[in-house]
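Dropping the structures in below, format is structure tokens.
Paired with subunit B in one complex and with subunit C in the other, subunit A is shared by the two complexes that follow.
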Partner chain A sequence: MTTSVASRASTRTRRRTVETSTGWKRYRARTFYGFISPWLLGFVLLTLFPLGYALWLSLTNYDGLTGRYHYVGARNYTDILNDHDALHALTRTGIYTAITVPAGIILGLALAVLVNRPIRGRPAFRAFLYLPAVVPIVGSALCFKLLFNSDFGMLNNILGWFGISSIDWLADPTVFWVMVAMTLWGVGSTMIISLSGLQGIPQELQEAARVDGANAWQVFRRITLPLLSPIILFEVITGVIFAVQAFIPALLLSVQSASTTVTSVPQSNYLYMIHVYAQYFAYGRFGYASALLWVLFALILILTLIIFKATAGAVFYESGPDEQVARRREQSR
Partner chain B sequence: MAAQLNRRRFLSGVAGAAGVAALGSACGSSSGRTTLTIMGNTPAEITDQDVAEFEAKHPDVKIKFVTVTTTLLTAMFAAGNPPDVVRDQGVPNTPYLVGRDLALNLDPYFAKSTVLAPDKLAQVNDTWRYDGKVQGQGPRYGLAKDYSQDAMVWCNTKVFDDAGVDPPSTTDPMSYDEMLDLGKRLTKRSGAKYTRYGVNPPFDVSLTAGFLNMVASSGGSIFNDDFSKVDFSAPEPRAALEWYLKYATAKVGPTVSRPFPAGAWPTFDGNQLGMLGFGYWFSGEIATDPKIQGTMRFIPAPQFGSTRVSPCFSATGHWIPKKAKHKDEAWAFFEHYFGGPPATRRAESGWGLPGITTLNAKLPRGKPYQKQALDVQDKEFSHYSVLKFSPYISVTAIDASLSQELVKGLDGGLSAGKLADAINGTLNPLLQLGKELIT
Partner chain C sequence: MSIQTRSAPRQIATYAVLIIVSVIFLIPLLWLLSIAFKNAGELASSSWLPHALRWSNFHDAVTLIPFGRYVATSILLSVVQATLATLSSAMVGFGFARLRARGKRPLFLIVIATLMLPQIVTLIPTYLIFARVHLIYTYWPWVLWGLAGSAFLIFLFRQVFTNMPMDLEDAAIIDGCGYFRIFATIFLPLAKAVLVTGFILSFTAAWGDFIAPSLFLSQDQTTLAVGLSNGYQTSAGTPLNNALAAGAVLYILPILLLFVIAQRAFIGGFITSGLK
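What follows is the complex of A and B.
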């Protein structure tokens, strides 16, 4: 009874406010849509429309240049199953993802723990470690190519001092590890996210654990890690999405010349998106390449769902089951 | 009276300003100059001077450049707004462009032109002709700004002297095997580190053209009679693949899986490469580096099979799309660029042989290396030949397939036969698709 009276009073007050308000406040709904319309427009034109257009293209044999093209049904999708290069690219992408995502998260977290400690020059360490993440990837790739160049790279010169024979770092199979190293070079961005997570953990929980006799490892394992789990889940999901779409590192690390094309990328770095790009712009198979992209889109959705399901019991959201039950009880009253 | 800027007045002002701007823009396009959109390389190939002269001669036309990329060209065609002039290579692309009904038949313009009368055009411009079946016959669809016989070779005699090896003859062509043998003797490396490369065979303009040249010399073809299929398993293409694998295994020069770390020009200019498979056009680059001019020697194209051939791989020039909005202005640009002062300046620079025969006299001969190169070039003209391409597939796709399979083959130690099967397996479905689309 009390609640309904209060609710009526609140509605009356709100109506009066609307009646008496001036300017934008008179048109709340229209103002809302007005403000979000640029995003909505962008979403429709730059996301929904291209998705739909790519879906349509994936059902045709369009070559990107010829005006005439035909509907081919699901042929492009069934062709993927027989495309050894697509399956090879998918495998390489899987290996790249399986290495760089966990390594990036572990390295980022380790660095975050280090720069979270009260040490002298901490801001400078944080800045130095984060710096590679803000260097444009083209710059990083150029540095890596110079470093690993077989003829005049620093690494082969150092090997030469010790009488060790030069290695062709930018060719198969070593170039894959150069790409992994280049990806992990930008681990500063993961470090920053983990650091913000670490700083959100209440100190009193860690202090209480120490008072109870826990050592540093136990505090990290029993307190820090569970409280960081939502952050780590975020890093895993965004990391996987980023890694399966990786394209630029592989392309930039390949030594291009007039007689080579995107398909000359060494086989160990022949990632899925390289294959997609080659189908679009080297082979002119716009329909098939669009089908490959839709398969990737579906794959990312499935991977994300699997990760959510697999980590459901391992991620601690602070509002645990007890709080959720209490909230439900509150709502039912 | 102090005017108060409230929201309504502000919005009215903005709307008014936008209206005035739109009106101004509309007036500008209706009464202003025509914009001629050129997909071309500027200022490297179409210089500021070329543009200024054209705009001075045609004050009602303004030139706008867009970057030369297949991606952009595709997007512009898809949007129904192609450029008015497009840079391209006539040798590999004319059948493909004409087959897709993209290029404008320029015969009516040639018929009226005195500047670009067909009898003034060098033979290479025939690569821009296609009658639907044979390249080199039928209507003209474009013009070459300049050209070279791209399988010819430049030698750096300092590298030969350092290695104690005699340079090859300037009159008789060497065989591909002799070229490989010389490359082995010139190369100096330790592990993966090269201090001297032997040879960069003529594959740099296009991997496909490089192979077609070798196959043509053996009297074969990679295509069947109607260009709807490839067969790399046939004896001649297979022999060419075998030679490439042999060359790659010898580690005497760049390959698709291991290109020059610093590029071909710097390596050659830096006295780290003995033989460079570039055509006459490279004399323009040599002219920019006086240090190496005394050690340059131009030699005939090496011979793979029993027939001596020396084709042009590219015939780089321009074409006008059928759907171009300013065709007459585009032709006016053609007459200026291909037949006017820009063509003369290009000939004088030595960056390629001119597309107009009368301009041959303008080629530079002042320095010993220039004279030597032209003497060899003059004799090479008689071996000029034309490579044949299919209308059903782009050269980019053939390059991509060759490149991809060769990388796999070199890394995985595949035989030429397996490589040939893999290339056939990639290219024949693409040819089939192309045939479906244009017939």
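What follows is the complex of A and C.
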């Protein structure tokens, strides 16, 4: 036992002598870049370059067909201000985001609290609630189209018992709520994240508060929620990014044949990205569409920054073990 | 004692809510399954369950559209992208975990930042570029996306490799072993569980992806996701909803089975994405 520790220590010192040589350092740096090169190349070619290309296109009148196009300055961006469809689409996306993000987080947290309780069949409940989150988007859209179908959907079937004639749920304005329901159906992923946060909260804290006479709601409000706040912040940011760029549910819910056209999306589901997509692929206004795309990108950056700033005081970060050790060392010095 | 009596009604309420919500969550899938087994006449009837199991719907589902070809494409693209993305991300993650060089910190911050990047913002311009260099209507984009790795998996692998003991590489370095061999022969085999998680997560993502195949591939070389979204019709253009439901069941089932078998990988992946 002691010998192995000693030999391990000598290996470490011998390694250290190898490591301090400059040749070794250079080898290691080169190797680092070798190892990360697949990602680095991918990042430059598949992220940076496309973003830059879109920025360049947004300053031109490119239509995707004729090879001749030229620089038009910021005209595409000023055109957005007069584009009523774009503003309508932005409003729809705003409403969709303002509903699905808070609803998803609250529902996810509520379900996480329930499946965190010591009950029988807990793994089964967790699996059932999470299951829809793994269903591919084309599958969930088909499920909801069949569920809300005006001729043979389940909802109209139930309404039929009460003599209510069938409603076309997949048309304006109700199709918007079908899309919201479909989004919230996948709340399992948020639930799992909240659940992992709940499991990370030490039981003693909650028990101590209960002993001191706090009721369940007070414990949740004063202890659980503050300790969960970093995770909730994460859910808000990823939720907003996800919702603002959403358009595939709207596309898949709207038409029998999704590839045919984006122009048949009902007004209430005309999300911002649907508008962008239509400008690109239905009208071939590549320059203008690229400007719309960059506005979305900028909007997401700004929203993320605003959320970070606005919550700076409200989010509670428990210091990790490293920081605690460091602080203790600082104090003992 | 007082805690016992107080928690009994709460226990019942918990069960009641969970059972109701679970049933509501399962209804869309059960309705799909029911339609997949009904016949066209039963669709409009008020009965919720099929009178007999019409397996012929599944026969229609795989014969009325080029189902086999769609499945083959879906499997090919998903396996290629998932394999490449997992291995490439493992390699990049190892670099960030175990090697030191100038610029490592800012580069890793970029990896984290790309996790937040909306994918559609880069996907459409990528399509425009690939159209110019004749990479659309080929399967090459999936190879390239795979090789570039996934920011999330890179992050996952970095965590795992960072937490492995130093002793692992010390001896190998003394013996004059290069880092690539250390990675391939020592570290990679130890990360088997994460490799499986990574493969499953990226396979599922590629299998479910709708927008990339609908943009980058033509109708006759596309994946099952896009093929299904086009629906089933008779030659007269009437939609065949029973066949469509059966096709959707066949499309969803492999992912649900994968979820049942490897639940831990799915949930573990999601949790890690949430924590850091």
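What we mean here is this: the second predicted complex is superposed on the first by the 289 of 333 C-alpha atoms of A that agree within 3 Å, B and C clash if a C-alpha of one lies under 4 Å from a C-alpha of the other, contacts with A are read in each partner's own complex, and residues count from 1 in each chain.
The working rule: contacts are C-beta pairs under 8 Å (C-beta built on N, C-alpha and C of every residue); 3 or more make two chains touch, one makes a residue touch a chain.
The shown structure was predicted, so the numbers you read here are calculated from the model rather than taken from an experiment.
Colleague: Quick check on the superposition: with subunit A as the shared anchor, is it clash or fit for subunit B versus subunit C?
Modeller: With subunit A as the common anchor, subunit B and subunit C collide in the superposed model.
Colleague: Just to be sure I read the superposition right, which of the two partners does A:33 touch: subunit B = first, subunit C = second, or both, or neither?
Modeller: Touch partner of A:33: subunit C, not subunit B.
Colleague: Just to be sure I read the superposition right, which of the two partners does A:241 touch: subunit B = first, subunit C = second, or both, or neither?
Modeller: Once the two structures are laid over each other on A, A:241 reaches subunit C alone.
Colleague: Applying the document's definition of touch, where does A:111 land relative to subunit B and subunit C: first, second, both, or neither?
Modeller: second
Colleague: Does the superposition put A:125 against subunit B (first), subunit C (second), both, or neither?
Modeller: After superposing on A, A:125 lies in contact with subunit C but is clear of subunit B.
Colleague: Would you check which partner chain A:151 touches, where first means subunit B only, second means subunit C only, and both and neither mean what they say?
Modeller: both
Colleague: For A:47, decide between first (touching subunit B), second (touching subunit C), both and neither.
Modeller: second
Colleague: Quick one: subunit B or subunit C, who's touching more of subunit A?
Modeller: On the superposition, C touches more of the residues of subunit A.
Colleague: Applying the document's definition of touch, where does A:135 land relative to subunit B and subunit C: first, second, both, or neither?
Modeller: Only subunit C is touched by A:135; subunit B is not.
Colleague: Looking at A:70 after the superposition, I want to know if it touches subunit B, subunit C, both of them or none. Which is it: first, second, both, neither?
Modeller: Once the two structures are laid over each other on A, A:70 reaches subunit B alone.
Colleague: Between 131-139, 149-157, 167-175 or 257-265, work out which stretch of subunit C sticks into subunit B after superposition.
Modeller: 131-139
Colleague: Following superposition on chain A, which residues of subunit A contact subunit B and also contact subunit C?
Modeller: 64, 149, 151-152, 160, 256-259
Colleague: Which residues of subunit A touch subunit B in their complex?
Modeller: Per the stated touch rule, the residues are 23, 61, 63-70, 85, 149-152, 156, 160, 165-168, 170-172, 255-267, 278, 281-285.
Colleague: Hey, which residues of subunit C end up touching subunit A in the complex?
Modeller: 11, 14-15, 17-18, 21-22, 25-29, 31-32, 35, 43-44, 46, 48, 88-89, 91-92, 94-96, 99-102, 104, 107, 110-111, 114, 116-126, 128-129, 144-145, 147-149, 154, 166-167, 170-171, 173-174, 178-180, 183, 204, 207-208, 210-211, 214, 219, 225-226, 228-231, 239, 241, 244-245, 248, 251-252, 255-256, 259-260, 263, 266-267, 270-271, 273-275
Colleague: Taking the complex as given, what residues does subunit A use to touch subunit C?
Modeller: 8, 11-12, 14-15, 18, 28-36, 38-43, 45-47, 49-51, 53-54, 57, 64, 111, 114-115, 117, 119, 125, 127-132, 134-144, 146-147, 149, 151-152, 154, 157, 160-161, 185, 188-189, 192-193, 196-197, 231, 234-235, 237-238, 241, 244-245, 247-248, 252, 256-259, 273, 276-277, 280, 286, 289-290, 293, 296-297, 300, 304
Colleague: State the interface residues of subunit B toward subunit A in the complex, per the touch definition above.
Modeller: 7, 70-71, 73-74, 77-78, 100-102, 190-195, 203-207, 210, 254, 256-264, 394, 396-397, 399-401, 403-404, 407-408, 411-412, 430, 433-434, 436-438
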